[in-house]
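Inspection log for the structure reproduced underneath, given as structure tokens.
Each chain carries a letter (A, B, C, D and E) given by its place in the written order, and its residues are counted from 1.
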Amino acid sequence: MAGAEPLVALEGVAKSFARRLLVQNRSFALSGIDITINRGEVVGILGESGSGKSTVANIITRLTGYDSGRYLFKGRDVATLTRKESFAFKSDVQIVFQDPYGSLNPRATVQSSVMESLLLHKRELGKAERIARAGQLLEEVGLNAAWGDRYPHEFSGGQRQRVAIARALAVEPELLVCDEPLSSLDVSIQAQILELFVRMIRERNLTIVFISHDVNVVRLLCDRVYVMNQGRIVEQGQARDVLSRPQNEYTARLLEAVY
Amino acid sequence: MAYVAQRIVFSILSLFVLLFITFLLSHVVAGDPAIVAAGPNAGAAKIALLREQMGLDKPLLTQFAIYCGQILQGDLGTSWFTRQPIASDVLRELPPSLELVFIAMLINLAVSLPLGLLTARYAGSRFDDLVRLGVMAGAGLPVFWIAIILQQIVAGRWQLLPTAGRLGFANREFSGATGFYLFDSLAAGNMNVFLDTLAHLVLPAFALSLLFTAVGVRITRTAMIGEFRKDYVTLARAKGASEPRIMFRHVFANGATPALTVFGMQFGWMLGATVLVEEIFGRPGIGRYAVKAVTQSDIHAVVAVVFVVGVVFLLANLLVDIALYVLSPRKQQRA
Amino acid sequence: APTGTLVIAENETPENLDPANATNSTVDELLLGAYDPLVQFSAGATEVTPRLAKSWEISPDGLTYTFKLRDDVLFHDGSKLTAEDVKFTLDRLKAAAANVLNDMGPYASAEVVDPTTVKLHLSAPFGPFLSALSRIYVVNKALVEPHMGDDHARQWLSVNEAGSGPYMITAYNPTESVTLKAFDKYWGGWDGNHVAEVVFRYITEPSTQLSLLKSGEVHIAPDITVEDKIALKTEPGFVVDVGAAATPLFFDFNTASKGPTGNKKFREMLSKTFDRQLHLDQVLMGFGALPDGPLPANWMGHEAGTEQAFDLEAAKKMVEENGWKGTTLTVRYLPAILEEKAAVEQLQSNLAEIGITLNAEGMTWPAQAATLQKVETTADINMIYSFPVFPDPHAILNATFNGALTGAKGGYNWAQYSNPDVDALLNEAASSSDSAKRAELYKKAQKLIGEDYVVITVSNPGSVVALSDKVEGYKYNVAHHQTFNYMDIGLKP
Amino acid sequence: MLRLLTLPKTNIERAAVILALIVILVAIIGPFVTPYDPMQISFRSKLLAPSSMHWFGTDGSGRDVLSRLLHGAQLTLSATFFVLIAGVVIGCTIGIFSAFVGGAADNALMRLADIWLGFPPLILALGFASALGASLQAAIWALVFSWWPNYARLSRMVTADILSQKFIASADALGVPLHRKVFRYVIPNAFDVLIVQVTLDISAVMLAISGLSFIGVGAQIPQPEWGAMIADGRSYVANGWWIVLAPGVAIFLTALAFNVIGDMLRRELDPTSRRR
Amino acid sequence: MTHPTLAPEEPLLKVEDATIALRVGGRTMVSGVSFAVNRREVFGVVGESGSGKTLLTRTLFGLQDDARLTAGRVTFEGRTLPLEGYGAAVRGLLGHAIGYVPQDPFSSLNPSMRIGKQITEAIYLAKGWPMGAERTREAAIALMAEVGIPEPALAFDQYPDQFSGGMRQRIVFAIALSQEPKLLVADEPTTALDAITQRRVIEMMLDRSRRHGLAVILISHNLELLRQSVGRIAVLYGGQLLNIVPAADVGTHAAHPYTEALFACIPTREKALADIRSIPGEPVGAGFGTSGCAFASRCAYAEPVCLTAPLPLNAGITSGFSACLLGRGAQ
């Protein structure tokens, strides 16, 4: 992919959370990180709890801002996007969260949750078409389209995660950010969703940022990996290399601790 | 200490909100305060004079500043009804009410804490169901109604307790330095008066406390039940600690803290609710004074009561919070 | 020597102790024993008798009254009462524009002749002047003067007592109780059976008053319900005293109103809508006299038949003829007084039947008084008792109907009624001392008032008081309605 | 409404639901089914003890207590519901706004609500009512005035809780516009918590209104508001205990019924007791 | 029932055919569970979320109020605990004989009690005050040092909120160990901790067990963790105990089909993507309420009999066992 423009480029992005009003006691979530994601890549971000992984995900999807540095999306600095372009950006980048119980509106049927994506970003579709598309998407992620009029609480965790993925895919994003999509699922379901990801990566031309603290999953799924610790990127490179011959001392310790 | 400072700052802020509310009541909602202050039968000239004296020709913000200044100097205005400085009226009426609330609070705590703890421990049991029904019933009883009924039956029909007043006839001469008869009588070593005061307090305090006790039990139960679900209870059981030990050594201290914060607030609310019982039991007090003032359209006196009750409320909360903070070992966490 | 303690229940708390407020019975009953007036109406008397004044002379033109004072009167602080104190008292009341002076007519000034002689000057002759003086309580100048300030010592006298009467106010807790103790150096001496101490306990609830009376904690309970009083009549240990009161209760129509009550015809209709007989029978349970016009029927100068009889049919016809259906009126009254409430409910109920809505606003006396300061804030109908300060037609008619004493002018003419012919008749009657002539003038005035449909005289209630049978010497005093002659009362052992 | 009938688990809850429905029904049709005119004075039949003619007796002015009770249900309940609805509308607008803007404005608003909430509502209402003049309307507004912070705080807490959930973040990632977020996401999800709280508050508000009427700053004669009826009857407790008893029991039972229902709703609807 | 001759060493804890039902409603949540833990053995229990691991252990050790043992036999150190009044009987063993470490280190310490106090309280409850306050304190401090708390003397007087999750979990261990129990039950003691801390805590526990001869029941949903840490693993699924398998046999055909399938789901160091195979369908939770094998609906080998036949009761509870109706995975 050399030469091609990266899809996402974070350059020295930093972010801190103010802890308390007045008191100058800032905890740094991120301190000046650089991340590049090329089209078609599956990039893993590894790190322990609190290392700043979710913050990166939120910055990439523009759910949160950053204090300094630059974020280039398809070469454009996102800070310069107009309102309209910002809205369009949202159909290019989608996110799947960890907690399948919180990531769907409990008061909307799963079908309408999926259709909402279409309603907002595929305005050209009529209602019947939207319903058809939603059914199609549900089938694609391994759910029965006839279940569309059910509410999230009628589904298991794994099924909800499938709905969340269908909802994200509905707008046909170029980049899918997955923030620990497996970690709150049962072991046997984790494997199912993992297989779903593998299939999607194969079938769709998706670029994926896969955030996880599970070294083994990242090893299996990702091309490239960033290892984070305390808001910094401590190591990066091809997944195979980094995870078998870690250069960084922290990475080594992490790998060693993993069962 | 930062926590204490923060609480004090918050209380001071609250005081200003309180001042703002009372200012609103007396200067905006009630209409022209000069007319109100002048009282009936005042001529136009007097009203005009008052208007100037009270600074009512100035902008509202200046008026508010003047108002705050006056009140912070302890000047609550003059009652056109009793013609006395309201501050001295209120100071006279406060002790009997506080005494009443104090006893009602004791009843409340004495019932709520153990009952809350026990129902939390035996949540879901028949006993718990029964208490919960009692709590919901208690929370539905009109204070003034139960006061009338109690007075008629316990004092009237059974003659078990005195009907009305603060002291029995034989002790009518009694007076003390603080106005808190319970305290004054003890200080004077007069057990007779002490018991008499107490007897006169039982019915009104009980009537007053019912509603609050119902809420108190519920809150204590909720707080305690949360504690019982925590793993440290499991760990204590696993250590082999006995149930009483778990309840009193472990759960109680942790669950009582949030409950006590609410009891602090209840103190103020109870003081407000004295309006419903004092008149029925013919007791002097801030509640009766307030009702009187309302019916006399003595708006300044009413507003003063609102203010004073608010201040007592703030103080009670501040004291409870600081006490909890000082007693609590987990200083970092609370700060 | 006086012994024992008399406890009296009272439903309304006193505003203050200021003699300037002596028109208010709750205040008056405390001052009655604590202060001395120049002359007094004793319980049962129809004429004034000497008190501080040993004797008096009236100048032939009726403009100067000269009083000879007793020289053995001591104030409670031990100092001697002199003519200076009398002058000071009246000067202060005048300067403070006190309500008690409303009934003093054209009183002008006081003059000290010598320590035991004081002259009072009037700007015009005024028949009931002596009677009116019975409410002027003489204060101790030496004590009060330092507190005059710019409020004429109102604040100080509100909580302090400076009198010379048989009893001293020793404890004043206005929401709870007031205690008076016998003054052992009282000039009148303490012969006979008297109590050493009087306690007023302020108990709002009639039912509580009843309980306390029954348990012996109070000796006199005036405010329990009529039904309870009737029940007590037959109960051993209690006495129910019925005094022939002269305190007519009025519905005052706002005659100056721009609303419906400004219309005489409308008022005519209204004045037919109240059944006095029913009120007397069922609310007062027969305690009282059926009113026939504003003056009690046995009073000098009473004119019969000036007011409309109850005739709801006729009223209904008038409403229909004039298209008054759907009118909404407001009445203000004192909810603490059960009779007032019952009367309002009765009127509401009757008016509802003929298609008129009557909203009621319960208020207290001073609050209601405050609304009378302007015609615009005056309700369509106000309820008011006339408590005549002395038993003379003037005390009722002048206070209630004189255009100079409208509510807007600070008086008790709450109908805001102003008829120059009536005013002239009342003034003429006041300045005369010829009884027959006065009676004639008052009759004329009543006719005119009746033709203007100013008020409905609701009732002439008796004063019904429940007492423990230990109480000896209680007597109803028409001139001091709703008070108690505790200085004459003794307790049976 | 139908759902309400399927929720009760115990006999007490069933009884409470039935009682509440009866009370609401009475509040709606009560004024039309009174056996006697509730305002009609009839001194000749005053203070009659309960009998087959007058089930709950008559009061000091000879009015049928049952008729007044039935008529008063409408007055009492409509006043209560008005306070609650106005309180909810005002409180929730402020609360939801506060949660959305966050930051200093949020902080200030919530501190204000905290402080406001602290003051004894009865006293605050008393002050307000006396400033406005005594009437049922004044009492109602006085209570709204002192009640809104409850809902401001609650709705702000619930909204903040909802806003912190991931489904809001996914809505943000999709670019869901604000109004849709408020009406499709926040309000439906906050509804259950609010309805539980409102149900539990019914008794408190009802008690407060009748308390204000009792001390004379609420309903005026001849309005048969239940608290005012108690105030009315208290002079007669010695020889007309039923006048005080009937409205007191009515308040008590209504409050109890709504408390039980509130408790039941909390069990059934409150997400904190349901979420895993 | 007649017993075969006991092995030379009798197991420390023996659970036979334990059935657990909820007190309210009486639903059976866990049925027919048998296993035995030998002295000094580290015994693992694995199962997906909701399979009943916590419910089983908490009920067995008298810590669950709302469930009870309705059938079965529990023997501890050769003493059989009566089924009637089981809770009270087993509570008598807690502390001095059986220790328990709850899952969440953040709530398992009393926040308003100094941690030293919490440890000495445990010592007092297990042994009284045989050695006096001062010695007890020293013992507690020594123990804290042993579980790896830096500056234990200082920590003694501190409150729980002054410690990180890992430290707190060590303190909880110290509390349990201070009573010198014979059996330690740890319910997912490390799931709330990050990977590095997790490994440290587990190793600390294993080390302690080795050195003091402490028997441990380690509950986890992490099969890989157990495989590397314990000797035998009991596999729970839907409230049934399907397999007791030596750790070495996990991932081979020597295990129950579920154990095999579960292992196939887990990405490990060694596996390639192709080695990962998911189990179709949704896991059933404890108390699923049908007869037959709980796993039958998802099992690749299932035959009709699996849906209906009662599971075999396990006799050989001190070694391996497979509940497979088709005889798979049985030695």
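Here is the rule we use: a residue touches a chain if its C-beta (ideal position, glycine included) is under 8 Å from a C-beta of that chain, and two chains touch if they have at least 3 such contacts.
Worth saying up front: this structure is predicted, and the values here are computed from it rather than measured.
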Any chain in contact with chain A as well as chain D: none
Interchain contact steps from chain D to chain E (minimum; 1 if touching): 2
Chain pair, most C-beta pairs within the contact cut-off: B-D
Chain whose mean Cα position lies farthest from chain A: C
Distance from the mean Cα position of chain E to that of chain A, given in whole angstrom: 35
Whole-Å gap separating chain A and chain C, where each centre is the average of the chain's CA atoms: 87
Computed distance of Cα centres, chain E from chain B, in Å: 52
For chain B paired with chain C, centre-to-centre distance based on mean C-alpha positions, whole Å: 39
Residues of chain D engaged with two or more neighbouring chains: 134, 216, 234, 237-238
Residues of chain C engaged with two or more neighbouring chains: 205, 207, 363
Per-residue multi-chain contacts in chain B, two or more chains: 148, 152, 279-280, 295, 297
Pairs of chains in contact (touch as defined earlier), listed by label: A-D, A-E, B-C, B-D, B-E, C-D
Chain C residues within the chain D interface of the complex: 205-207, 210, 225, 227-228, 231, 278-279, 281-283, 335, 338, 341-342, 344-346, 348-349, 352, 359-363
In the complex with chain A, residue positions of chain D that touch it: 107, 165-167, 169-176, 184-185, 188-189, 275-276
Chain B partner contacts - residues on chain E that touch it in the complex: 24, 58, 61-63, 66, 91-92, 94-96, 98-104, 107-114, 121-122, 125-126, 159, 161-162, 172, 175-176, 179
Interfacial residue positions of chain E with respect to chain A in the complex: 48-49, 194-196, 198-200, 221-225, 227-228, 261-262, 264-269, 271-273, 276-280, 282-283, 298
Chain B-touching residues of chain D, taken from the complex the two chains share: 12, 111-112, 115-116, 118-124, 126-132, 134, 203-204, 207, 210-211, 214-217, 227, 230, 234, 237-238, 241, 244-245, 247-248, 251-256, 258-260, 263
